[in-house]
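In the two complexes that follow, chain A is the common piece, with chain B as its partner first and chain C second.
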Partner chain A sequence: MKRQLIFYALAAAIAAAACLIFGDSVSIAARGAFADSFAVHRTLVKSAPLALTAIGLIVAWRGGMFNIGGEGQLLMGALACALIYRLAPNLPFERAALLAGSAIAGGTYALIAAILYTKRGVNIVIGTILLNFIAMQIVSYAVRGPLQEPTHSIPQTASLPRELMFGRPNPQTDLHWGVLFAPVLAVACSIWLFRTAQGFRIRLVGSNFRAARAARIDADKHRTICMGVSGAIIGLAGGIEFLGTTGYLYDGFSPGWGFLGIPVALLGGLHPLGALASAFGFGAIIAGTKQLEAAGRADSSLVFAIQGAALLLFMLAQAVRTSSLRASSRIVEGSDA
Partner chain B sequence: MNEVLGILSAMLSIGTPLMIAASGETVLERAGVLNIGLEGVMLCSAFFAFLTDSATHSPWLGLAAGVVSAVLLMAVSSAFVIKFACDQVVTGTAVNLLSLGITGSLFAFAFGKTGKLVAVESVPKNEAFLSLNPLMLLAAAAPLFAWILLTKTRWGLAARGCGESPESVSALGFSVIKTRLQASGFAAVCAGIAGSYLTIAQTNSFAPNMTAGIGFVVLAAVTFGRWSIAGTVFASLLIALGYGAQFWLKAKQTAIPYQLFDALPYLSALIALICAGRSSSAPASLARPFSPK
Partner chain C sequence: MQPADLEARQVSKRFGGTTALRSVSLRIAPGTIHALAGENGAGKSTLVSVLSGNLRPDSGGLLLNGQPLRLKSAADGEDAGISVVHQHFALIPAFSVAENLAFAALRRGPFLLNADALAADALQFADKLKWNVTPSAKVADLSVGEKQRIEILRALATSPRFVLFDEPTATLTAGEADQLFQVMRSLASEGVGVLFITHRLREALSVADRVSVLRKGSMVLSEIPASELDESSLARAMVGDFQSAARGSHTAAGGDQISAQNVVVQDADRRNVVDGANLAAPFGAITGIAGVDGNGQTEFAEALAGVRGIFAGSITIPSGAEVAYIPQDRAVDGLALDMSMQDNLMIRGQRKPSLVRFGFISSRRRREWCSRLIEEYDVRAESINQSAGSLSGGNQQKLILARELDSNPGVIVAADPTRGLDVRAANFVRQKLVECAAEGRCVILFSSDLDELSEIADKVFVMSRGRILEGDVASLMGGAV
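For the complex of A and B:
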């Protein structure tokens, strides 16, 4: 516990040092993330896809499936929205149909990796990563080919009409009501994973599949379920981004939400509610970096570096914690003998 | 005839970094460490090779800088996965993010956002025939060296033991940590050469995130090659053929959307993994951290 505190103090010290050295840049970033309602809205808009992808990843990771394919699943969700709108623009519940389609598309795309894993033993990490790159090419094809906007001049899909998009509390900012899906799904997934029998079985398969097998739990079935749900949530994140912010699909639709969600999930302690909190923190960093970029002080890729560094620091703290746990258990063993 | 030469040239050009990186990765995975951060390490060395080359106009100094940067980044990552027994997938992801962020930021800082292509000095090439370059010799040397290292030396036996049953190796008096760190050092040098190759020999330029998944394709090649050097070389060449076919088919201006060709390397890697199926040849302790008692 003491050592853990040292590491949190270290993290705070690094942050403080950054403030001293890059003082005005940090204050630009902080103002960009929190200064007024515009800034807070900006932070919330960026937090929502982070939280949703992180929640999706947590569902899979709890079941022992290292889903790194968030990027592909999210793109497939957005692509499904564009496709459904193109094929059937006037359904009675169009918005619901678009969102359902995005969840189904994301879930199906994740299931490909799950089935390749359970049937053919394809490593889930490498499989989902390769599927990411394939999804990017599918989107690139769709926005230049069959789904391109009617005038065929820009590589993007036709824009959704305003009435199909999510409402906005303040028309001057990008904040939309779709962000509310994040807390709702965080609570729902927390209950599912930690308060239901199926959630327990999934976590058992993930933490000790031999024990699960001894208890006659079908590991592959639960792995498939958690991958499907994981992909559906991440696909929905793509659908919500589509209906909330852009309204059309293009090559740079996702700035890497699927990858950005990984540190969010881990720093949230692999708990959906924790992910909500860490998504807000990283959302603020993204909003702040956007502001820095506008001021010509940084490149947006800085976010990736911050995330990587935060992840390493977090793991270091955990490693110290487990090694001190091991040390203390050794002491206990020693006293027993 | 020219077309065949064109495909062959593209295949050699992309096959070189694949084979060099895959040799190192095979040794490392046989020692029980899965380096998901390979993509990031290659990107890092590609950038620093490019940066040094553009400053000194010497591709060889660039190569040296690329290798040094790869070794440094791998040292950090190895400290986490080997020394502190952290999760290898998570650490690798962190390394990838870190490298993507640092190279992207430094590139924007040093060269601005002009979108202008900054060209650097290339290693000497034989323009007349297949644009062969001296680094391609390493593509032959690296697998050979890795093979001798793994199968003909005492160290290789210990390293393979670390991948199968680190407890036994440890009980025999070898240091699992030290052996894995040494394997990681070799993999770092290989990844550094392969990453540098991308900027100083292949494109003569740098773009943010230019590795575009090559590191992951290498991981797939090692798996498809069933963790043997010969198998990995074969898998790398097959995937390189996929890249070669991509350039050829693009030049043919067929009605097939070009994105299919862009997806070809990833598709072929995925199909290779599907065909490889569940194999018992994977090192038994791959990606399992070892902490000495």
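For the complex of A and C:
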């Protein structure tokens, strides 16, 4: 407990020192993230895909499935939107169909890795990472080939008409109603994981699959379920991004949401609600860095540096925590003898 | 020249608010066997950790041959000639037996790794002990008892001057334990100082030259010659209020029974680990199954409990009878150690309709149910949200019992349920099993502790090479070893 306080104090001291040294840059960044409704909207727009991918990853990780394939699942979700719109542009509930398609595509894509793991023993981390690259190549092919916009002049898909896109509370900003999926899914997943019997079984499989097995719980079934749901949520993040901000698919559609979601999930303490908070923090950093970039102070890759530093400190704090836990569990081992 | 003693002098160690050792002194002389007895939580493992360099004491220190000895790590301890046979195995599961054994010799060995050559020293001890060890086998595939043998071989590989055995006999059968005692004696006769940690009083008295007893972190008996002690005085020193589980009078109700016929279970390599086992276990009685570890008990227990599929044969359980399963390795199969006690109870609770409605768990009912179980089974903890890993072995086992027995299962399959527990906790577990049988349930008890089986089982079979044998237990066990 004392040690944790020391860490908080240290973090506050570092932040204070940074503000003193880089004061004006910090204030530019803060203005970029929070100063007015434009800034806040920018922060929220950037937070939503981070939160959704992180929530998706958490669902899989809680089941012991280390899904690192967020990027691929998100791209497949967006690709499904582009494909459905191309094949059936006039469905009765087109927007719902696009979103459902993105979730199904992301979920199915994640299930490939899950089935490779449960049936053939392919390491889930390796499987999902490699599927990321395949997804990137598929998108790259699709936007230059079968799904390219009608004039065939730029490598991107046809733009959605405005009425299919999510509505915007303020037409001058990028903020769209699709961001609301993030808090709704965060709450839903929290309830599912922590308040239902199935969520409990998934967490048990993730914590100790042998204990689950001894209790006659089918570990592979629950691994498959959590991977499917994980991929569906991340695929949906791709669909929401598609329907909310761009309206078309292109090579750089995702600036790495699937990867950025990993530290967001970790810093959110592997809890969907925590991920919501940490996604907001990182959304603010992304928005703020954009402002810094505009002011010529920094490059947008600063985001990655900040994220890396935060993650490093977080893991350090975790290491200190587990080592003190281990020290206290020695009492227990001692008391076992 | 004075022979080199290893001595702990007035060692104290605290963890947070708990005092594990309170000014404890202990001397291990070369060529002698010193038994250290004590209940769970008495501080025996902590003392071993201090002696081996794993833990630094808060005050007091070690002396080797009268000279202060400062150990910064277990490696320092090994360099000083102190080896530990750990209670919790310190083996690398993904490595082969030879690689694990080579690991101990690695720091002294040549640059290029030849696991078989490095393991040769340790494997010689295996021959000496007449232990059948396959160097190429993967440690993860071995049974608990076999792993312990590797652990012992590993400690001997460095030719230490002092060997600390931390509860080595917990999983061994009587015959295996006798062999181990011979090893201890031959080590002692070669001038090695042996410290033997145990809570089996008979063993302490039969093998040791001197006996010390720890209770709640203090030394209550110090270096008393074994000849001056008897079991009851030792038990009194250890626990204060020693109570033996009373044997219940069992009445077999009806003709109902669990029957297994020609059951074959295969392992991952398609070997028949259970090879045509037959068993009839009546309700209202404890059916004991003895045997040396690794003869298919775990697999057969899992098959009876429905955890593992069977390859051939049949298992018949009267319809409607729920099967409770208490696995052999509670830390691996029984509990999710980093989850809370509440969650560990929910491993069963998530099936209870009274706690789960439409798939949703009622927090209030869950809390009430868990609190009731913890009180009923006397699990000592500060809060139901404490992690299961933070509990002592006895309390962990009580948690499993509470969870498995609460739903009044018709059948209870228990594998070594008292392994590593102190006298009191073991008696509690046995008492519960006796009660279950008295209530007319069918208890199938797999145990490597013959005393336990003779104490509470109504009928004892022996499992050997995947089959169930009936007859004189002692001679069958002799054959099995």
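Operating definition for what follows: the second predicted complex is superposed on the first by the 328 of 337 C-alpha atoms of A that agree within 3 Å, B and C clash if a C-alpha of one lies under 4 Å from a C-alpha of the other, contacts with A are read in each partner's own complex, and residues count from 1 in each chain.
The criterion applied here is as follows: a contact is a pair of C-beta atoms (placed from the backbone, for glycine too) under 8 Å apart; a residue touches a chain by one contact, two chains touch by 3 or more.
None of the values given here were measured: they were computed from a predicted structure.
In the superposition on chain A, contact is made by A:T196 with chain C only, not with chain B.
Contact with chain C, but none with chain B, is seen for A:R210 once the two complexes are overlaid on the shared chain. Residue contacts after overlaying the shared chain place A:G145 against chain B, while chain C stays out of touching range. Note: no residue of chain A belongs to the chain B contact set and to the chain C contact set alike, using the contact criterion stated above.
Residue ranges of chain A in contact with chain B, taken from their complex: 66, 68, 116, 120-123, 125-127, 129-131, 133-134, 137-138, 140-141, 144-145, 259, 262-263, 266, 298-299, 301-309, 311-312, 315-316, 318-319, 322-323, 326. On the side of chain C, the complex with chain A involves touching residues 15-16, 18, 20, 38, 40-46, 48-49, 55, 87-88, 166-167, 197, 302, 305-307, 325, 327, 332-339, 343-344, 346-348, 350-351, 356, 359-361, 363, 389-394, 420. Considering their complex, residues 36, 76, 80, 84-87, 89-91, 93-105, 107-109, 113, 208, 212-213, 216-217, 219-220, 223, 257, 259-260, 262-263, 266-267, 269-270, 273-274, 277-279, 291 of chain B touch chain A. The touching residues of chain A, when paired with chain C in their complex, are 195-198, 200-201, 203-204, 207-208, 210-216, 327-337.
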